[in-house]
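Have a look at these structures, which come just after this line.
The following pair of complexes shares a single chain, subunit A, combined with subunit B in the former and subunit C in the latter.
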Partner chain A sequence: MNPELRSVFADTLGLDPDAVTADTSRRSEPAWDSLNHLRLVTAVEETFGIKLSMAEIQAITTAGELETMIDGHDKI
Partner chain B sequence: MEARKTIQRFLVPGFVVTLIYLVRFRCKVSPRAEVELSPRLKIGEGSQVGSFTKIKATDGDLTIGREVHIGTCCFISADASGVTIGDYSMISPNVCIVGNDYRYDRLDVPVQQQEKTSKGIRIGRDVWIGAGCVVMDGADIADHCIVTPNSVVSGKLETGTVAQGMPAKPLFVRRP
Partner chain C sequence: MSAAEIDLDGAADLTALREELKDRPLRTADVERIWRRVAAHEELADLRVAWLGNHTLEPLLRQATALAFTHGVTLASHAGAFDQHFQAVLDPEGSLQRFAPDAIVLSLSLRGLAPRLVRGGAAVPIGTRRKEACKVLEHVRQWVEAARDRTAATLLIGNFPRAPRPGLGLADPGSPVGDAALVDWLNDELASTWRDDPQVHVLDLNAAIARAGSLASWNPAMYHLAKIEWSGPGLEAAGELAARALCALARPAKKCLLLDLDNTLWGGIVGEDGVDGLKVQPGDPEGEAFLEFQHAVQDVKARGVVLGLVSKNNREDVCEAFARLELPLRLDDFAATRIDWEHKHVNIRQIAQELNIGLDSVVFADDNPIECELIRQMLPEVEVLALPADPAAYADALLDAWHFDKLVLTSEDAHKTEQYRDNVARAAKRRTAADLGSYLESLGTCVEIGKASGAELPRLHQLFSKTNQFNLTTQRYTPAELKRFAGSGDWRFEWIRVRDNFGDLGLVGAWLLRLDVREPTIDSLVLSCRALGREVETAICNHVKQQVFAAGAEALLGRFLPTAKNRPAAGFYEAQGFTVVEEDADGAKTCRIAAADGQARPCCVREITIKEEA
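Entry: the complex of A and B
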């Protein structure tokens, strides 16, 4: 998993970076609530220089999905 | 003026106020709410005011748009510079919106006896204020903003901002 994304997850959700995997999900991680989801998206957009749509934001359920989304986006 | 205010506050039953606002503005005010009968208060059609909410507009204009939902136990008070709440906004329970402040630059005079100030409050269209928030005088909340519960807003929030904290700071911007 991208170490920068791992770091964003760890900082935003207060997790141990080693505990963040592609399978980390909104369902399995209690700290990944609706507000932290928005914080996470803002941090990802700032870190990777991309802009996600509301539909994409709402579709994210795992760290792996977010990583795939980031890879598929051009920098703005 | 004082006698009129006293009569309105203490002698007009809640259901009469409810009927007056229903007929005059086609809005639903709970009979258990305390909404002043003031010519300075305008409520848009389809708006709702929950029980135990107090709305004061004797000292300034208070304009509430169409289809605004105001929850239970809120306090909304307008002063000289007024308070506006845009159409389709939602004010959750226990929200305080107070359109005045006090000067506090003298120590020899109690704050309550120092000059009252008012910059006014503007809440745009389609704004959602979470439960327990405080909106202070001078706040300017643009359209489509969301303020998370227990936040304090005292400044400007740009369009579509989701804000949180004390003072409320942007954490996300809504987009298409």
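Entry: the complex of A and C
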């Protein structure tokens, strides 16, 4: 997993970086609540210089999906 | 582990975190870390803050909590339920009342409150737009009334940012009911409605969002997904504004700014470059930057900050420079100066003594990193403002500093330097006077006493919250409580102004007399340290005795509660002829004087006038 994304997850959700994997999901991770979801999006947009659409923001359910989404985005 | 040990760990934990974050900009990840740690140690908070409104306030309160934390103030925060700001204050047993806030921040979104003001543009009839704006104002007014009746917390009301894209488009500024016209009208009304009310303050969110950029702050996805009103720079700016206001509530502003001269107030070194070689004049880019900084220093002075000079120079050179150059600042703008070759930490300590202020009230500004580091090491209580490398950035560095933040300026503030300078002159006089009695006579002290009313409340609140030394019971009354005392027949709430041959000391003392008890009781009495040592307290006590005994009281009671700082007031009642009737192991005592013993005691106050009630 992208180390930058891993540290964004760890920082935003207060997790141990080693505990963050592509399978980390909204369903299984209690700290990944709706407010932290938006904070995560903001941090990702800031870190990777991209802008996610409303549909994309709502679609993300796992760290792996977010990583794929970032890879497919052009920098703004 | 005992409770005390847990507290100690919490305090140590927060101190370590604060140390780690020092001197670097705050990142998104830091905000979350600080938020979690602070939330875990709620009992250590300096101020308890409730956040209410009709948009999602969690991002704002986390941002504000994190920023306040890095500036030394720990907040305990409580977020009210979305759009339930009325219910929150009205419910006597609700979570807000249980939280017992010291301050409540109210931030309302026009999008939620008055959608037809924000959307629809020209399609919305003019009358409807006007009515919507009136409704918004009425909504806020009613909320403030409801909150004021039910809580003593200070109310911080956010005003309304202009829309980034007004519905009337280019025609907006020309329309009497455009976004510009109506939002400005609303904000003017908010500013004027509570201007003299020390319990209510307006947060200028409009200016904060404008500074951050209203376009950059608006993220429609965040709003539609979660009703988050501001993102990115807007969130940071709104968070900073709230944090500064809350820090200003939590602790007193710094009282004194000490400045270096060479390459601080002017470009160049007067001892080497000569007066004519200094850069501090219009027409020269560097000179203009230093002029700009001097103007910023004047702004800070006008907020009630006392100025001082600490410079390694020959005094004659400096006097010549101030005499010959046309500078915004003049030598007599400084209440105290040390222009010599002594170490700066020695001089700073002396100035603090001379002005009778604590080192923790002092900010020192210098361009020289070595001097700055020396002061940090030698006088850790002093706040150091290390000026940036480029003089063009000096003025902004000073104006961006939080040290001098005050939510309200009183008329006292505009004359602080003069008052402190007069005190220094009085001290010089004392050294030459033969004995204390003749010195006190030579001051020619005159006092005026009056009943507290609305106009003096902000200053009176300042006195009750800031006076430590001559403070008999150290009751930190809130603005709401003081207002109640002023209007109640059960209390007599009075103040004293002092002036003498050297100048006006201003409104320096206040006391509360409790009347709804068998024997009238002095509940509290505060006297600013600058009015001590001249028997003003005796004049106050004579006045109170005269009043209660003339009204037929058999005796007058007084309470004293000791603190770490109020020893100067410990023997007050005994000195005024009272007898201690009750004293506990901690030194808290009740004193009493009977009407028969209640004659005035001699004091050196030349003249006492009683202000007639308006």
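The rule is short, and it goes like this: the second predicted complex is superposed on the first by the 76 of 76 C-alpha atoms of A that agree within 3 Å, B and C clash if a C-alpha of one lies under 4 Å from a C-alpha of the other, contacts with A are read in each partner's own complex, and residues count from 1 in each chain.
Assume contacts are C-beta pairs under 8 Å (C-beta built on N, C-alpha and C of every residue); 3 or more make two chains touch, one makes a residue touch a chain.
The structure presented is a predicted model; accordingly, all values stated were derived computationally and were not measured.
In the superposed model, A:T61 makes contact with neither subunit B nor subunit C. By the touch criterion defined above, A:T12 reaches subunit C but does not reach subunit B. Contact with subunit C, but none with subunit B, is seen for A:E46 once the two complexes are overlaid on the shared chain.
In the superposed pair of complexes, A:T21 makes contact with neither subunit B nor subunit C.
In the superposed model, A:L38 makes contact with both subunit B and subunit C. Within the superposed three-chain arrangement, the count of touched residues of subunit A is higher for C, of the candidates subunit B and subunit C. The residues of subunit A shared by its contacts with subunit B and with subunit C are 35, 38-39, 42, 53-54. Across the complex, subunit C meets subunit A through its residues 28-29, 32-33, 36, 56, 58-59, 221-222, 224-226, 228, 231-232. Of all residues in subunit A, only 7-8, 11-12, 14, 34-35, 38-39, 42-43, 46, 52-54, 57-58 touch subunit C in the complex they form. By the touch criterion stated above, subunit A contacts subunit B in their complex at residues 35, 38-39, 41-42, 51, 53-54. By the touch rule above, subunit B contacts subunit A in their complex via residues 148, 162, 164, 171-172, 174-176.
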